[in-house]
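Just below sit the structures, each encoded as structure tokens.
Look for subunit A in each of the two complexes below; its partner is subunit B in the first and subunit C in the second.
Let's look at the complex of A and B:
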């Protein structure tokens, strides 16, 4: 890989992780519902996109939104089940659901191709607004990822100012009090989960499209859920800009350390996480915002 | 027919049986005080009426409609408002945002309240409308919770220890507001630790002990029943 394309690759990763961190943050940061199971939704998006392309010939850039819708649909029964539980019990339930999804992906070979997974060998060029887009290089992916990043940040920005956003702030702080003022907390949480799932599924679709390879370990592992959590936490829970900052920091740290040391890069990564959580519990973005006087709430939990 | 009728209400926390068939009634525009020692089940009664604790048996009828077992937000939308002892404001939201969360559409037969009216009631809140609610004093938080619940245009207001930990001057203000609320036709069920305040504000009082109603009557009747006060209220 040339230096230039490596740089673009890192930018694409940052933007993809921005989308995923923001998706998790919608539920975990704004609504205060910590999920360890977002990998399941990511997997639904990734599998939907790649299967639709390989079996039905649907181009991945259409497969991505379809993958998002599939993830949102799948999230509804999960939400109704898991939202009966609160706090750590909810988190554990989502973890169990994600492991269940991984097992299904490993064993339902007729649909998911089991542990072998799917591989995209060729991506035909496409004409978009009169220009020919060739998917062999990085730039078109960079543009697509940038678009997704903007959509993710735009969605969270809208959410923060919306009535639903105010409901979520109330739910995050005190669910009983929110119910007592007449907020249907289960409905608000299910809607939020569906929104979060849609963004996560789109991210999964993009992953399949960009890396061209989907198997259970790559798209349904606990690591993936953890990464989303880390990005939101390091960037700033319940903030709009947080996931971008978190994704940039963690990708930069991760890739730099990986390039330097073959082993031990996860160790450095973990150390960095611990330092941030210890010294900046409101996240990097949350800390930066606090240093700017006169700004209004961004509601770090 | 009474506006709010509670009958045979039972509630459990896990395996412990807290309410043993609580029953009482409140009419429109009436202030009723629920008295009793700590642990007698007063707060649980309010929470169970509100749906925050699921009743294991019994009925809670508002205007004849049984609400027992429904989720809290449905009970709130039916016209019962709750001001918990812990005040439970949303500290990350501003005063204004807190109040706006409480707004519900007016329902037939219930007095209505507007946001600006709340600010007229409590000018302190108006001054601080863009402040984070977590930065308010205890008294201001109490006012905020009362205002937030009134904006839901309730027919019944459940208030748990509204004067707890407040300065005497603020206690007077809160008592005035409670009078005002009931003058507009809202029924108020008040849990109050301070006997003198409860006796002065309430038109009727109920005394609870061991999760049951052990006395019901006017404040005068309670005043003239030293044995009830001795057995169920006074610390001995």
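Let's look at the complex of A and C:
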């Protein structure tokens, strides 16, 4: 079955961004903590995966969850540092942390190979259900990405219905009140960040796996953090389907702009970000859902 | 100067403007084209650019930002993030990503006051920045409008009760912040590389400075700027020149954690 390779590539991108958008959404949409530093977690995942593969021979499909775990571990001190702050101060602090990470990635050459980065030249073929996958074509990546997307959305869906989800909603609306009611806000935030970090790290690992090249500008830049935020916000902050819609929309727009004009896909992102906040603060998906008659979600943001 | 613009905007309107860096970039490019096309010395085109940027700022506020501010600080933050991407990418489009430099005929002449080598344009920029800062300080403390701005920054509701047209103050303040940024851009143009995404680099430094001094505090921003400059230079020599930017961040985080109102305690 042959498919347009570019189309598959776009789909893979959409799915990867859905994962990342959902990861950010867990912290930003559900818990209300806007982080500008998720690129740091992404980078940890990406570097861990690629280094484990190139130096220790650990296949990337195992490396990805390890990358996720590494990111989750790293998120603990970050959370410890930043969660004392609220709102915009938290955002700025995460920004500073992420920029620090980028600096470290650029300069700690013994570990991260600095600005040169790491390159995967070949991936080991694998036998799955009798067919041999050699990772040269897109379909296997598509399946992997789809799996990750499902996991991401499934996790956020579960989170929304869970007790932790309820705690997060309380924290998002009024953190002091939540504390007063007896919610352990610190623990809730830390767990949420760890979860968000894990998903982000896995996303980073997938990036290393699919794009095969990791360097500080690609995986640790502020732009990356911003893209994650945009996807979650444009799609629908705090919703489950939001990141998918956001990723699809922004990727479609971005690739179209890129095909026509070569540069400036970020321009579209910025523009839509502004439009959405101004006219559709609950995001595209949020707005669509509101238009469905008769369905009233409990406590929708 | 850039920091002052940012801190004033925050103080009055509680807006954290991520697009501030882009305003500087616009100022820089304005000076560049002025020099290239009209042979205007940037320190001269400053006089035209500043009011122009003021206008741009007021327009941005009126047309774009005003409605968003009501939605809360985080929304505004995200919105200005989008704006910053928009402006820098439009510039990327229009000006291409090439690095440019603005060289002045007297730019390379050696200048050694007190035996320290100083570049002439930078020295002029410094002096002008001092001048502007002093003028601004006078404006804020002596004129009615200046005092209105400070009052709104301290306590918005009280300002309304005192009969201050808060909305007008907000528009003017934002314009002022933008004008400062643009002017700073023109001053810096001969000394830095010009490229459309220079705003990213500047805005981060700018935030560090502003938080160091206390968001909303003008003297804080000044002190913060000096502090950062000194720390960075010393750090480059004694610690490691690769990590010199990192020192600013570490300082930033330390201040956020231990004295979130800033060293001069005027922040929120």
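The definition used in the following text is that the second predicted complex is superposed on the first by the 287 of 301 C-alpha atoms of A that agree within 3 Å, B and C clash if a C-alpha of one lies under 4 Å from a C-alpha of the other, contacts with A are read in each partner's own complex, and residues count from 1 in each chain.
Rule of thumb we're sticking to: contacts are C-beta pairs under 8 Å (C-beta built on N, C-alpha and C of every residue); 3 or more make two chains touch, one makes a residue touch a chain.
Values in this document were obtained by computation on a predicted structure and should not be read as measured data.
J.: Just checking: does A:185 make contact with subunit B only, subunit C only, both, or neither of them? Give me first, second, both or neither.
T.: first
J.: Of the two partner chains, subunit B (first) and subunit C (second), which one does A:269 touch, if any: first, second, both, or neither?
T.: second
J.: State whether A:197 touches subunit B only (first), subunit C only (second), both chains, or neither.
T.: neither
J.: Spot which of subunit B and subunit C makes contact with more residues of subunit A, would you?
T.: Of the two chains, more subunit A residues are contacted by C.
J.: Who does A:173 touch here: subunit B (first), subunit C (second), both, or neither?
T.: The first partner, subunit B, only.
J.: On the A-aligned overlay, A:120 touches which partner chain: subunit B = first, subunit C = second, or both, or neither?
T.: neither
J.: On subunit A, which stretch or stretches are contacted by subunit B in one complex as well as by subunit C in the other?
T.: On subunit A, the subunit B and subunit C contacts do not overlap at all.
J.: Which positions of subunit C touch subunit A when the two form their complex?
T.: 16, 64, 67-68, 71, 73-75, 77-79, 81-90, 92-93, 97, 200, 204, 207-208, 211, 242-243, 245-246, 249-250, 252-253, 256-257, 260
J.: So in the complex, which bits of subunit A are touching subunit B?
T.: Per the touch definition, subunit A meets subunit B at residues 166-167, 169-170, 172-174, 176-186, 296-297, 299, 301.
J.: What residues of subunit A sit close enough to touch subunit C in their complex?
T.: Residues of subunit A touching subunit C: 34, 81, 84-85, 87-89, 91-93, 95-97, 99-100, 103-104, 106-107, 222, 226, 229-230, 233, 261, 263-264, 266-267, 269-274, 277-278, 281.
J.: Please give the residue numbers of subunit B that touch subunit A in the complex, ascending.
T.: Within the complex, subunit B touches subunit A at residues 50-52, 71-73, 76-77, 81-82, 84, 88-94, 97, 100-102, 104, 132, 148-149, 152.
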